[in-house]
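One chain, chain A, appears in both complexes that follow, with chain B as partner in the first and chain C in the second.
Take a look at the complex of A and B:
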């Protein structure tokens, strides 16, 4: 009898413990990343870190990127496009409120788009809005946007973090107190340390599963490793030390996600600087480069080789690595044909990221093998922007172009690699005005082939995006179709 | 006396003005445009201009210097280009981490160095002395960031006694804050304590060889009494000098340790501001540090006078 009592007591204690366990199912998460946002206004800075914290969590646009890069409805529930492709009528979702409790209406959309394209706009991607002629609030839930010319990229452009909808009455403080429409509300920012978000109970769509989110900023790779190992953080997105990933993979406490990004990493060449203005020389450089050696040596094996300026996960991608196959003998022959049998000397200017610094050393030795000597200069970003990007004072440089769908930069003759080709410019104009998906896809493929054939730059690899997280976290984005850490679908495993 | 202080005050002001001009000009010639850094590679020229106008970057050098220096005089450090919050606020928040950290490290290093140095000096030539000297040699030689990583590995990753870094903020209470600063403070204190121990020991040995110590011993004081009553106080002067230097160093020079432990301190603020070309933050923080160094030196001078009455009378 007594024994039975003890046993039933034990059972109830166990049941109690189990119920406490359920009650305490974790509802908060600490996510670390390397860079801290300079401020919290995604519509007036290029810093990807702003979007990494706020995109889709706090701010939303008319359309939004899904985890696979597709463009989905956002604040606009649906839209119709006129026959000539020039006017878009967006139907907004009902019951959308800003975090300060006011309604989000067509007027707010008009305000946001007009602000982004105004003369004194500080929007880093102002070009996204350049084609807009007028924005009209037809009624509180309908917005009509008229473009100057048909632009098949318009819905895609509206999904960028730079095109999110903001409210006029909160714009003055947006840099320190962002008020959006998303599933999370901004709650606190300890500059230099962390940003905290909390669940928005009045969210118009599917509510977030987490109650609280803390973003921590840890720039040092060694500190990043320690913070994950000590379980101070639950997830590290964009983990900066690829050499440590195998160790996390072997540890059952963690999961490692290696996704892809929009970052085409290229050895950019100054197409106007002799001898790099000679296509034969550029072709020789492209053939002198062993991509796998760079991926293994600089990125510890993480990265997908590319042969053109296009993301491999995009359905329109063509694998053109064969057009610049590693072949040092051919490279020497091409160089001789161009009149540089004895090689030449040029500069190689490297920005801070490890893909550039480590990759630069490897590329320098690969180029030396065919007789090209490079003078390596390490630059800070601010110097790189001034000397290389703006001043075009360089021969070669390594950089990852992380903007989504940015093949259009090859249609800009004043862009830093100075590729000035009227055929390509005409081709890109066709792409922009083509609304038929199949024809557009064919044109995009043609564009990829054109720049690969001209060897505008040497295309190295698509930057990988490693995330290390607690094995029990579900719903993290693996890929980076845009810089974002969308936590709206993230939860802990029961 | 008053004249002396006025003279000092004038020279202090002049050095501050000179420092401000130097800092401003040095950062002026650093290449890189803050607006271009913030707006990135897709920015259009008109956008860049609009932002430069907003940031007040379009004025002449003289205009910008005067508006910055004029602001400093009335305690207005300006507004950070990138964070868009007042620099004074940014610095204030960071000081709440950096200042306690520097003090904590200084206290630790003093608590280690004084007894160790005195002990080694009193046991001169023995095994204990060479033991202390050996350990301090090692302490000086070990880079503090490496020692910091080692401590993280042992105490944060393996033993889980501390978190690997970060700072919870003082609003969570005094003890959690101190706990978060403990490993960084030890890492910072180790080389400082080693240096200080060695200085303490050699300075004490110097004074122990002085004539007045021999007289004191002849008067009948024991070796210990002579040391405590006469030698120690005289030996403190070089030690105080080093401590003053160390405090300035701890305040300004903890950048690497702050990175290892991802602490939101002044060092990291400057580090980030330099790469973002947030020049106004860099200028103001450096200016503040210059001011702190001058102030610390002044305090050290006062402390000299306290330990050595002769300095009080002279001039």
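Take a look at the complex of A and C:
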């Protein structure tokens, strides 16, 4: 009896060992990030968290961003552009199916683009589609898009998460049940906790290597640190506490990727609120700020100083930090010239990320040195969107603009920093219609100089994008050319 | 005074309280370093002669931060206890003087209502609606002190109302208000002092808790709770950033509780009689 018990115990131990052996060949991954999407429709919200989960994984566009920011073919296998640059004929890939089994055809493309540019469209980036005149479905695999005028950015625009192709049959429930064409299918969303995706067995392109993907949402930096340390999550994209990165780097269990982003982190100023409507005052603020102190103090050294609203890794970037170099004496002089020799008081409203909260304390101290007193208010994201972004009820705020190539926001007078300058608007119109790469590059540089010279905002640094992951995971994106966590090429090392 | 020193817990309690009250007082006139000036180059330095408790993540002197933080804590807790006493004691006296009447019922049931809510939750609600600031933290904590003092005063006053000297005063024709002020209040003062000390330490804890979740004093005003919150991701990097404010909260609350215990032993007539 006793012998039998021991033997059966042995068997179960062996079975356990075998099951561990099987579990070793991993095909699942748990990826954590800070922000949870408010809903799951990338075509009707500005929240970047939606794209961080769904872009390329579930939804695809005609074109797509590669890990290095280049624009590659997506659902469109190839395209031809007419002589005058006004009409684009896209040839779609064959055999593309939505996750509900229906075919993706030219009609779906027409539906998606028409929906995004409609008057009642809720798309957060309607400017991407503004230049489209007509969309025609020539045959099931051919789409012809005619523009009002030539737009050298069109293929780039079509790669955005806001321009993904959706199906008319499933659009009603897209916010809770997204149906796309990607290598992963949406499977479950436990609100406040996680979103689960599973491999799409009928994917038209190279299938994903992972079977299941779980996105966990952990907003608290301390909990983020603990979850990675305890290996509860396999990767944390956009790790929120830069001070912990050296510790992960020293630990052989982990790999740390510090990539670049499209996130221009700025001290935004309300250009219509006195005294910030005075360019001299804005210039004084820009000169009062010591960028390196902010990068060191708030980001523990991770970040590249910028002098304008443009990503430093872009070939057209010009380093304009010299136009707002740290010079408190000059700042005081400029303030006096503007008639505020004794300084003034304004508000500084800060969203949750540590770059804003810590950066805000540092900036408040730097502004105090030239006589500007700031009243700091810490806001949650929803409050920030309501008060600052929509309500424009603020003096100063700190935020990172993570959309790619978004200098065009300065041509929108109703944008939250309320910069209304006809010269810039004309300049930006020229950029949009210019097709010659060299002339375009020159115009882009001119635009960067224009906003830096007007000191629309104080430009702080380009946000770094730290990813901490299990050392055995391969294929994660290092950089963030757009907000995305593309897992289609991710796998475990054998 | 002799009795105060006889009690073993009173002296360390009083000493701790004096140290923190003293630090807060001194900070009104002088701190080693200005806590509103950041010096990033000097951040996270270990304790040294120049900075006895080291520097924080922005290069501020932690000793100076703790001194200013003590001022914030004491100011918030003191005013909150003051609100509680000023509103709660008269309510308690009035309720006792009219025992069983409608006003008594209204006062005491309203107290029960406030008491039934988790205090920190309501404090979070108040600061969420009216904005996070030291003033709103004071109001939130103060409101929760009102029923504490009202109940205590009513309970103690009720037993006094049946005493012979109070009877005598009533027979002599004194009104309820005068009796409450002249005969009842002086005899509940001891209890109020003891309770006040305890509420004061709870107030310091509540302020630290609210600041920790970002609803108390806003930067650049230094606050112990926020110092803890800001340093928690750096605890493996620079533990002294969290240890010193944590110790400050612990020792202050410990000191006040020991002092409160000692005062109760000294002031409570029953315990006093037992001792002699």
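By our rule, the second predicted complex is superposed on the first by the 463 of 494 C-alpha atoms of A that agree within 3 Å, B and C clash if a C-alpha of one lies under 4 Å from a C-alpha of the other, contacts with A are read in each partner's own complex, and residues count from 1 in each chain.
Rule of thumb we're sticking to: a residue touches a chain if its C-beta (ideal position, glycine included) is under 8 Å from a C-beta of that chain, and two chains touch if they have at least 3 such contacts.
Please read all numbers here as calculations on a predicted model, not as lab measurements.
The superposed arrangement places chain B and chain C next to each other on chain A without a clash. Applying the stated contact rule after C-alpha superposition, one finds that A:397 touches neither chain B nor chain C.
When the two complexes are overlaid on their common chain A, residue A:270 makes contact with neither chain B nor chain C.
In the superposition on chain A, A:222 makes contact with both chain B and chain C. The larger set of touched chain A residues comes from B, when the choice is between chain B and chain C.
Once the two complexes are laid over each other on the shared chain, residue contacts for A:127 go to chain B alone; chain C is not touched.
Residue contacts after overlaying the shared chain place A:448 against neither chain B nor chain C. Legend: residue contacts after superposition of the two complexes on their common chain; A:157 is shown touching neither chain B nor chain C.
With the two structures overlaid on their shared chain A, chain B and chain C come no closer than 7 Å at the level of C-alpha atoms. The interface of chain A with chain B overlaps its interface with chain C at residues 222. Chain B makes touch with chain A in their complex at residues 31-34, 36-44, 46-47, 50-51, 53-54, 82-85, 90, 93-94, 149, 152-153, 156-157, 160, 163-167, 169, 259-262, 264-265, 268-269, 272, 275-278. Interface residues of chain A facing chain C in the complex, by the touch rule stated above, are 221-222, 225, 241, 243-244, 247, 293, 296-297, 358, 360-362, 364-366, 368-369, 375-378. For chain A in complex with chain B, the residues that touch the partner chain are 36, 38-39, 44-47, 119-127, 175-176, 190-194, 216-220, 222-223, 226-227, 229-230, 232, 352, 380-383, 385-387, 389-390, 401, 403, 416.
Against chain A, the residues of chain C that register as touching in their complex are 36-38, 40, 43, 57-59, 131-132, 214, 218-220, 232-234, 236-237.
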